[in-house]
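By written order: A, B, C, D and E. Residues from 1 in each chain.
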Amino acid sequence: CIVLTTVGCQKSTHEAGSISGYDEGEKYLSIWVHSIEDTDEGKCYREAVESFNKAYDGKYFADIEFIPRNDSGGGYSDKINASVMSGDLPDVLTVDGPNIAAYAENGIIQPLAEISEKEKSEYLESIIEQGTYNDKLYALGAMESSVGLYYNKDILKEAGIDVPDADHPWTFSEFLKVLEKVKKVTDKKKGYALDMTFPVGEATIYYYAPFFWSNGGNLIDNTGLKADGVFNSKENVSTINYFCRLLSNGYMSKVPIDHLFESGRAAFKFDGAWEVNTVYTSYKDINIGVVPYITGDNWNGERYTPTGSWAFAASSKTKNIEGATELVKWMSGVESGKRLWEKSKSFPSTYKAYESIDVFKKDENYKELYYQLSKYGHPRPKTPAYPQVSTSFQQVLENCVLTGEDPKTQLDKSVERINAKLKRYTYK
Amino acid sequence: MSFIELKNVCKQYANTNKKAVTDFNLKIDEKEFIAFVGPSGCGKSTTLRMIAGFEDITSGELYIDGKKMNEVAPRDRGISMVFQNYALYPHMTVEKNISYGLKNMKVPADEIKRKVDWAIEILGLSEYRYRKPKNLSGGQRQRVALGRAIVKDQKVFLMDEPLSNLDAKLRVSMRNEISKLHRNLGSTTIYVTHDQVEAMTMADRIVIMKDGIVQQIGKPMELYEHPVNKFVAGFIGSPQMNFYNVKVDGNKISFTDGNSMVLNDEMADKLRNYKEVILGIRGEDIKFDPQNLDIFKENKQRAVIDNTEIMGNENNLYFEFGGSSSVARVSKYEVSDVGEEIEFVFVPHRMHFFDKVTEDAIVL
Amino acid sequence: MSFIELKNVCKQYANTNKKAVTDFNLKIDEKEFIAFVGPSGCGKSTTLRMIAGFEDITSGELYIDGKKMNEVAPRDRGISMVFQNYALYPHMTVEKNISYGLKNMKVPADEIKRKVDWAIEILGLSEYRYRKPKNLSGGQRQRVALGRAIVKDQKVFLMDEPLSNLDAKLRVSMRNEISKLHRNLGSTTIYVTHDQVEAMTMADRIVIMKDGIVQQIGKPMELYEHPVNKFVAGFIGSPQMNFYNVKVDGNKISFTDGNSMVLNDEMADKLRNYKEVILGIRGEDIKFDPQNLDIFKENKQRAVIDNTEIMGNENNLYFEFGGSSSVARVSKYEVSDVGEEIEFVFVPHRMHFFDKVTEDAIVL
Amino acid sequence: MKKKSESILGMAFFGPALVLLTIFLFIPMILTLVFSFTDFFALNPGLTHFVGLENYFQVFKDDDFRQAFGNTVKFVVIIVPLQGLGALGLALLINKVTHCKTYFKVAFFIPVVMSLAVVSTLWVQIYSPEGILNSLLAHIGINAQPFINSASQALPSIAVMSAWQGVGYQMIIFLGGLQAINPALYEAAEMDHASGWQKFKDITLPELKPLCIFVFITITIGAFRMLVQPMVMTGGGPSHSTYTMVYDIYETGTVNWEIGLASTMAIVFAFFVMILTVIQTILTRDKEGKKHANKKTKNN
Amino acid sequence: MLTRKQKTINWIIAAIMIVMSLFFLFPVIWMIANSFKPDAAITKDMNSIAAFIPPALNGSFFDNYVSILTNTSFIHYMLNTLFYAAILIILGIIVNGLAGYALAKINFPFKERWLLIIMLLMIVPMETIITIHFLFIAKLGLLNTVIGYVLPMIVNPFNIFLFRQVFISLPDDVYEAAQLDFCSPVKYFFTMVLPMSKSVVATVSVFTFLNVWNDYLWPSLVFTSSDLLTAQIGLNAITSNDNTTMGQTLAVITMITIPVIIIYSLFSKQIVEGVVSTGSKEG
C-alpha cells in the first residue's frame, strides 16, 4: 500500500465512494486529531468517528486524520500553522485548551452552532468555561484533566497529621506547618517534604497557577488583553514569596530528583491525575492519598484548581457548521469520554460519564480528584497571548524561586513581553 | 596523399598569453610510426590531444584520411589512444576493460569474444583475464591499455608517454613489444615521449619540439648525425653531446681554457665568417686509442679524469676540458682511474658547429 | 676491521610467514660506496632500514664502528639518511630543512650557520635558500635532501632510491653529483636502487639480492664479467644477456631450434658432466663484422632481423635464434634492416654457462 | 564547438539539482528575507503588514535574543576547543593503538550516528541529580552536582555532551589527515634527533594545519546551530542559560506564531554564520589556489 | 623500533583507549540493559553498576518489547522509514551526484559561482524554512504522499559538495578513454564515476539513511496516514504517552538505534574513507 501512495493516490479530492463508508448523499466532514492512531488516545478517536458515521449514516461522513505531535508541542501545531497559511484546514480539529482564545481571536475556529442549555449542562463547568471565548462557545473537550496534591499516607501517619476534607483545604500557612512536621520524617529518609519542580513548558503554569488564583491574584484580566496591574500585582508577588519560602525552608529540592515521591522519600507531590494510576501499577508499595489543592490564606471558595485539555472545535473553513457542531458534540460526548477513560485513563468531560464509571464512585482518590475538578476546576488564562503568558510564568517562578531574582522586577519584565504580544490585538 | 596532416596548427589555452603550440605542420603517411619528443611542457601532449579531439584547435587545420577533423568529436575520428597512466577502468576486469569499447560499438558478442581472445593472447594476458587493474603490475596494466586500443581496429593509434611509469627493465622490453605490435598491426601511430631513447629506438620519424615549436623532423639517425641546432644536438643522444664555446682564428679554434685545435681547410673555410662558435662533440667521438691518437696527433689534448662510470659494456669518463665538464664514452677495455691524466683527440669530421647567437647548426 | 658489519641478519615481518631478508652477511670498509640492487620486493629497503634502526632485526647482529647496534635507537647510530621521496619538511624553508637536525643536536648557532652555508654552497642551492620544498624542482629537492644529510657529519650515509623520482636526464647528472660528493666527503655510503645502471656506475661494490637472499657481492665489473648465477647475469647489463637452453653433446652444443656450435676443448671438458645447460651471451659479444666472422667461421649462424633499435651511437638488433628472442648490440656503422638475413658468431670466451637446475654459473 | 556542448551537458547534469535547490532552498530563503520585513503572524496571515526594519530593531533590542546570542557564543567558545582538541587527541591515540583500531573507530563514532533527541534524552538521565554521573562522582568523593539544573552549569554540561556526541566525526577527519602524513617525515625527524614533542610540533601539527581550520569551522557552525540538545534537556533553562539563537527562532516562529520576527532572527543568524564561512574561505583560499595551480602544471 | 619503554607506553595507551571507548559507549549499554527491565528495577539500579547489566533472562525479559510490538505498529513504521531511505538514497545519489560531477568536471557557465553558493547553502538550518516546504507541498497537493515527503529532501548541498570533492580527483584520462570507447557522458556517470567512487557513494547513502531515520519534523508535517508514518514519529508518540513506562521507552529507543549502529558498523570503512576524502581536500 506504500507503493500505491507513492504513485500519488492523494486524498485531496473527496468524492463520495472514494473512501470506504462515504456514501452518496452524505456530507463530508474532515477532522484532525493531535495523536497518532497507534496510541490509546488515537484508537479512541478512531472508534468515536466510526460510531459517528454509523449514527449519522446517510447524513454525514467524518474522515479522521491523525497528526503526530511531539513532546515539545511541535508537529501538530506546526501543521495547523502551515495549514492556516495554505488554507487547508479541516472542518473539525482538536485544540489545546489554552490555545482556544488565540485560535478564536485569529479566526481559525468559529463559534459552534447553537447548543441547547440542556446539552451544555451535561459537560463539566470547566469544560464549558474553557471552550467559551468572548461569550461564545467555541470548543468542547472529550476529556478533562486535573492535578492532585498527593500524599504518602504512611509518612503522614508517622508525622501524626490528619488530612482535611475536600471543601476545607489547607491554607498556605497551615501547609507550612504541616510541612515542618513532615520534614522531620522525610529527612530521615534522605528525602524532602515536598516533591515539587518547575519544569520547562506548559506544566509549570498548569500546576501552580492555582496558588495565584486562590491567593487573590490573576494572570491576565477577563478580556484577556490586559496584563499590566494583573500579572504583576502585589498578590502575585506574595504568592511568589510563598514559593521561595518552600525552598528556603528546605521543604523541596532545588534540583529535580526523579521519583522522589514514588520511592517513598517525599510526603507530598503535585502531579497530573495519571499519577494515581502510575503508583497503583508500578509502585505498589506506596500508600497514596489525595488532599485538596492548597489555597491562599484568604480564599473564600472560588474555583481555582488546574484543569484543561484538548478540545474539539469547528474550523472557520467549514461550510457546514451544523455538521461540524454535531461532530464536535459526538466526539466530546459521554461515550467518547468513557472510551478515553477505559483506554488511556484520561478523565471524561461529562457528568454522565463519571457516573457510569465505577472507580469514581469507589476509589477514594479518584473520587477526590473528580470532586475537586467538578467543584473547583478553573481553566488557564484565556488570552490570545497565552504562549507568552505561559513561558513568562515559568520563567518568573524559576528565576525568583531557584535563582533568587526580585519578584516584582521579574513580573514587570514579563508584563512588557506579554504586552508586546498583545499589541497585535489591542492595536485594532 | 598523406594520411594525417596538420596545417599550421596552433593552440593557445584560455587564460594564458602564450601559445602552447605554434604553427605545427606535419604530414604523416599511413602506417608510419611518428614520435613527438621534447622536454617537459614543450607541447607534445597538447598536440596529441588536439589530434585526438580532447582539446580544441585554436587555429590551423587537421586532416585525417583526407577529412577535416577540427570539429569532429573524438569518438568519430577513428582513433584509439593509450594514456600515460593507462586510464584503465578500475572496477572492471582485464577482459571487461578490453571489451568495453566494442560493446558500446554494438559489435556482435561472438566477434567481441574473438577479438578480445586475440588481444589477450598476443599480449600474454591470459593468466590475468579476470583480474582487476589494481591487482596487476605496471607492465601488465600497460598491456591491458594496449589491448583496449588494439581491439577497436582504428586507423590511428595515439600514445602519450605510455612507458613513463614503468621501471627501466620493463621499459626496454615494452619498447620492443610496442614496436613489434606496430609492425604487425600496421596502424598509423603517434607516440609522445620525453625520453629520446624511446623516440630513437621506436620511431620511423621523430618530431622534436621545444616551447611549442617544432625544431626538426626526421629519421632517428638524421637527427643524431645532423641536428639542425644545438637544442636538437643536446637533446638527442646519451650521454649528452659536449659543448664548448670556442674562438675561431683562421684555421685554429681556441677554447676558453687556452687549449686550441687546428681545423682542416674545408672547416676553416665554412667558419670563415664567424668569430665565436659553439663546438659540439659526442662522447663516443672523443678517442683515446693509440690508433686514433696517432691519426689526429696534431690535435692531441690532455685532461685529468675526475669521475668514471662503469656501464659493463662501456665506460663513461668525466673530465674538465675546454672550460666545461666533458664526458667521453669508451669501450670496456679502456679503463682509466679517477685522477689519471689522459690524452685524447676529437674526431674532426664528427665535430658539430653552432652559431653562437642563433644556436643553429653551421652546415659543414 | 670493517666499519659496518652485518652478521646473519634476518628479517621476518609480523604476520608474514616468509623472511623478507635471510642471512645477510656483509662487511663494509670505511669510506666505501656500497650499492644494494635487486628487483622490487627483494628486501633492499628492509635491509637498509634495519641498518638505520627503523626496523627491528629479527635475528643476527649489526655492528657499526665496532659497536653492536641491534638495540640502539636510530638517532644514536651515527647515520644520516636520504629518503626515497626526500621526506623534506614541507613547511620549512630549504635552510630550515638543512639546519633542523643540527638545531636538535644543540650545535651552536654560528657552527650551524657555517655548516649550512657550506652545504648550500656546494649543492648550488644559494638561490633557493628561502624557498619551501613545494616550490623546488625534483633535482633541487634531491639536493636539499642531500644537504640535510651531509651537514650532520655522520659516519654513515644511507640512501634509499634517491633518484627514482627524477627524469632520465636529471638522473644521469645527479648520479654524477652524488659520486663526486661521496668522494669529497668520504663517508661510508650504502645506496639502495633497483636500477642496475645506477649501481654499476656509482658503487665501489654491489650487493645483488633476490627474494631476501644475497646473490653476489663484488665490484661492478666482477658482476658483469663473472656473474655467479643466471639471475645476476640477467640482472646486470642492458640490454639483458641472451639465454638459450642447449644440449651438450661432446664438444658440440645444440640449440632447441636445431642449430649447433662447436666448443673448444677446454669448454667441452668443463661441460663434460652436463647434458643440458643454459648458455648466456651478452648482446655486444654477438659479432657481425667480417673480421670476427672470419675468426670464428666454423660457428657462423644465420638469422632474420625482426626489429631494430637505433640508439645513435649504437644499434640493437633483435632476431629469433636458438628458440628465443635474441638481441645483439652493434656499432652505429653496422646498420641492418628488419627482414634482412644476417650472419653472426658468438665470441667463444664470452659465453657463460649455467646449470639448468640450480642456475648457478659453471666456472670455465 | 566543444565549449557549447560542454555547457549544455553541464547544465543538464546540474539542472535537476538546480531546480530542486531553487524550489526548496532559494525561494524559501528569499521568502524568509521578505517575511523579515513584515509582521507575518502564522495564525492570521491575512493581516500581514510591511513593517520595514522594525523587526530588526526589535531583535537587537530583545533581551532574550541577546542572551541567546551570548549563550550561543559561549557554547561555541566551550565546544570548539573541547571538541577540536578532543578529536585531535582521540585521533592521535587511535593512530598509536596497535590493535582493535576498527573497534575504537566505531565506538567513538557511534554517538554521531544516533539521533540527537535520543542522545539528549539519555544524557538527561546521566546528568540527573541522582543519576549515573553523580553516583560516579560520589565514589570519588565529589558532592552531587546539579549539572543541567543549574544556571551556571547547564550550558557547560550541554556543551560537554554535545562535544561527546560530535567528536567522533572530527576524529575521523583528523585520523585521515594523520594517516596521510608521510611516515618517512617522522623517520627523517628521528634522524634529525627530534624528540617526540618536537616531532608533534614540527611535523604533525603543520601537516594537520589545513585540516584543523576545516575541523574547527565545522564545529563552530554545528555549535551555532545547536537546538535539539537544550530543547530536550533543559528547555532553554534554567533562567534561559541554555537558550540558543536557533531555539529562539524556533520558539518565536512555532510557539508564538511570529513568523515575521522569526524570519528576521533567521536572517541575522544566517548572517553571523555566513561571516564565519567567509572567514574560513579566506583562511584556506590561498592554499587551495596554489594547490590547484600545482596540480594543473603537473597533470599536463 | 619497539623498545621496552615503548611497549609499556603502548599498553598504557591501550588502557586509556578502552576506558575512553566505554565512556562513549555507556549510554548505549545503559539503554540496552535497561530496556529489558521493569520501571521499578530501573529506578532501583540507577545508582549501581547494575544499571549497565541486563536483568537475568526470565519470563518477563522481553516484556517491554512485546508490549511495544503488540500494541503499536512500530515495525511497520521502521519498514516505512527504510523504504523512504532507499528512495532518497537512490534519488539523492542521482541528483546530487550529477550536480557534484558537473561542478567537478564539466565546464559550464558560472560554475565557480554555483559552487560557492552551494557551499553557503550548506549552512542554512533546515528548521527555519521547513514551514515553507510544507506550504509548497500542500499547494502541489502532495501532502500525505511519499512523493511529497521525498521531494524537498532529495537535493542536499552538503552531499553535492561531498560528491564534488571526491569526483574532482577522478582522473580525466579515464573519461577520455571512455569517450574513445564510445561511452556517453550519462553512461559514463553511471557505469564509471559511481563505481569508481564507491566510498563516497556509501558515505552519502549512510548519511542519507541517518537523516531519514532520525528526522522527525518533516515527516510529522507531511504524513497523517498511519500507513505512512516513520519510526521517529512512532517513537515520539509512544514515548510522549503518559502511560508509557521508562522501560518501554528505552525498548523503542533501542529498536530505533540498533539499525543505525549496524549500518554504520557495516560501512564504517567506506565512511571513514568518504569523510576523509572530503575533509582533507577542503583545507
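As a working rule, a residue touches a chain if its C-beta (ideal position, glycine included) is under 8 Å from a C-beta of that chain, and two chains touch if they have at least 3 such contacts.
This is a predicted model, so every value here is computed, not measured.
Highest C-beta contact pair count among chain pairs: D-E. Centroid analysis (C-alpha atoms only) places A farthest from chain B.
Each chain gets one centre point, the mean of its Cα atoms, and the points for chain D and chain E are 17 Å apart.
Mean C-alpha positions place chain B and chain E at a centre distance of 55 Å.
In whole angstrom, the spacing between the mean C-alpha positions of chain A and chain B is 91.
Under the contact definition stated at the top, the residues of chain D that touch 2 or more other chains are 3, 130, 209. The multi-chain contact residues of chain E, meaning those touching 2 or more other chains, are 131, 216. The set of chain A residues touching two or more other chains comprises 71, 74, 78, 81, 85, 258. Within the complex, the chain D residues that touch chain A are 39, 41-45, 128-130, 146, 149-151, 231-232, 234-240, 251, 254-258. Note for the complex: chain E touches chain A at residues 38-40, 43, 71-74, 80, 83, 87, 130-131, 134-135, 138-139, 141-148, 216-217, 220-221, 223-229, 233-234, 236-243, 245.
Residues 40, 167-169, 172, 175-176, 179-180, 183, 194-195, 197, 200-202, 220-221, 224, 236-240, 282-284, 306-307, 309-313, 316, 318, 329, 332, 335, 338 of chain C touch chain B in their complex.
Contact residues of chain C toward chain D in the complex are 52, 54, 73-75, 79-81, 83-85, 87-92, 100-101, 104-105, 134, 148, 152. If you check the complex, the residues on chain A that touch chain E are 1-2, 5-6, 8-12, 32, 35-42, 65-71, 74-76, 78-79, 81-83, 85-86, 88, 258-259, 262-263, 272, 274, 277, 282-283, 344-345.
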